[in-house]
């Protein structure tokens, strides 16, 4: 009896408490999922490696990314989270123009790498992809030897003169990817014969073999078991010293563990961006909060 | 039960959180009853009620342990994030504070045994006159703090934080009054000491209520205000944009 | 609470007499029966197909196996210098135009001295194929020293004799009903008793060209014609088909034009082959003036016919390469071209090769369009190049099947066996290539 009365009170009070949360913070937040008054949090950085400004992406008629602006800092790991279909992968693929491969895809707005517009007509996509490497959801080593997997990038870009130099690149890439000890005796064996986690590390090694500035990772651990995932996460942490990493992930725990900043996407919009520590303890937008506390849908 | 605990896609997470939430309310209700009963038995010189209060503290302790277990279980099972995480951590602390409140109520109940059980002279009733007043005030603070938690009301929490200063003031004036008794009759020094300890316990209850209120501010606002000045806290609470 | 509900409802259904399990069990028998029935039907369909195929093979092999043997008759030929080289100069010109038929006739007369009448002699001379004189001429030209000596020579018998020896002519029929007279049978039996009749491997069947005389007719010309035609087809259709497939699949923009092209390629694959023959006749022969009956023109026509097959198969092979490989290559900074040639094409190659071989096998078995461009002509010479007039295996089969002589029936079947053999080898090659180069990813 007593509990029932309190319940009633709580309901009213609950609604109040709810709006209290929404009113809080940087005063940009408005209640309701339908309205969007701009990204919550700081999108600009003092010295960004890459920066996107007012980016829109269309797939045919579908407006997949709507007016997103975001900076990616030097030697930071930024994670992009959000429900499926929120556009986080699409946005990630804008940074090395992988969306160009899709005929119906159109990108507007400005994305710069070290101050240069990568969508500029004069900018060639091949060197861009050497500067901005990518690791994909499913480990996708070439059906070639481990050595050739790593050597392919440097070979087509002409980064190595002679066999010795190439050997060096292959070894250092594998070492940095933490794979050298496991594969050094079987470099001539097919990369597809490795385990899933090893394959993904091979793909990371392949990406860093051309010494990019930025590495984009599109859900790199979604096909891996927890141990392999942990190894990759540790690797990401180590790679941060030399590279800027943007990672799209479905696992909020992973985002919380590996990244310094986190961006939350919802229905093609960047809802909130901020320090990972803040996002996961007290996000400022209700949508972010709902998503990371598992209250979606 | 409220917006804080409900709405998860995983329904059993809701019920886990609700159960924990209800547990907090139940412990605090028990603790508040303990305070009332401890003061009541002192007023009524009711030794058996005092004994009951002392033994009932075990109940609070048991619930405290239960709440801790529940918190650990939820963290392990659900990896709570954001406000779930804040709620869990807040509850963890609230429960610890309330358990301390229970201990303090038991101390007050002990006074009854001290005064009336045995061959000692019972104290002058004037000595005890401040206890019910301060107890009522501390109890009100606790009630409000818990309600602020239940209703996620930072303004109510702010009120509790402000009330703590009044309680301190009250406690100090009681001390002054008691010192006049001591000057009148030096033989009453034993009783006065006991009463001061009782008042001190009640004042501590008020402090715990204030702690709880501060946790509530953290819970709702996401900012830890435990060691901030009142101005900072109220600025945080009233910042609505 | 909900648990109790379920238990209650289960109890309810129990009281109604049949539980879910019972209902399931009741329908189980029917379900399995249906499954068995379906399996039996499928199996019988397969068996029926196999039965027809084996019937086909049995009849072809039964008809044709004897064509790989040829009846030979041993004659004691005396290489008479008077007849061959009266001047004794051993002039090759004289030797090559000498009357070798006379030698055979002499030998036959000596073997059967009893035969006197002009009519019977004529019959006697017909025992031996008139290709025998070529054989003797070869012997003399190879080694003129044998002139003046007498040698035992095995010569091919005439096709009627061949049929008689192989048992295809019924001796029990009356003389008027069969092609071989009683006297001829008596001669052959006599020769047989002397051990002068034998069945030997018919190498000539594989090496010689077509002939009006069945015992001299072979598929050598047709095989060479088929090889030249397929060579032209392969050289043209593989690169063109693969290039078209790669362009359409990897480079062409997705728009209405490429859709149109795709639809048309698919339609082209369904066009009756004789239409391609007409096209070839109109374009290659009448317009460009290329020679009639030439493997080059045949190859061009078959190229048109196999191109859609190769393009479709190659596109399917390209499509089956997982997009992750493309992404990997592009992501590392490969250009589109590098992506295709370094990664996608090696992976698609087995599929492309299989498609090409299947297309080639189709082309090998094709006859209708080649009829239109004149490859149906009677050509005795073995073609020496893609511009020489020739015929191809299936057309050869078509020609022989039209001939009335009994001996051509077995040759037709034998030619079919050879054609099927080629087809099986090509299909096996396709399977082996696929297995060999297939890569897992």
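When the chains are written out, they are named A, B and C in that same order, and each has its own residue count from 1.
Methods note: a residue touches a chain if its C-beta (ideal position, glycine included) is under 8 Å from a C-beta of that chain, and two chains touch if they have at least 3 such contacts.
Predicted model, so just to flag it, every value in this text is computed and none were measured.
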| item | value |
| --- | --- |
| Leading chain pair when contacts are tallied as C-beta pairs | A-B |
| Closest chain to global C-alpha mean, per-chain Cα centroids | A |
| Chain whose mean Cα position lies farthest from chain A | C |
| Centre-of-Cα separation between chain C and chain A, whole angstrom | 60 |
| Interchain centroid distance [CA atoms averaged], chain A/chain B, Å | 47 |
| Distance between chain centroids, defined by C-alpha means - chain B, chain C (Å) | 100 |
| Chain A to chain B touching residues, read off their complex | 3, 6-7, 9-11, 13-18, 20-21, 23-27, 29, 252-253, 256, 279-283, 288-290, 292-297 |
| Of chain C, residues touching chain A in the complex | 253-254, 322, 324-335, 338, 342-343, 347, 439-441 |
| Parts of chain B lying in touch with chain A, wherever the complex brings them together | 1-4, 7-10, 13, 22, 25, 78-86, 150-154, 220-223, 239-241 |
| Sites on chain A touched by chain C in the complex | 96, 98, 101, 103-104, 126-130, 133-136, 138, 140-143, 152-153, 156-157, 192, 203, 206-207, 210 |
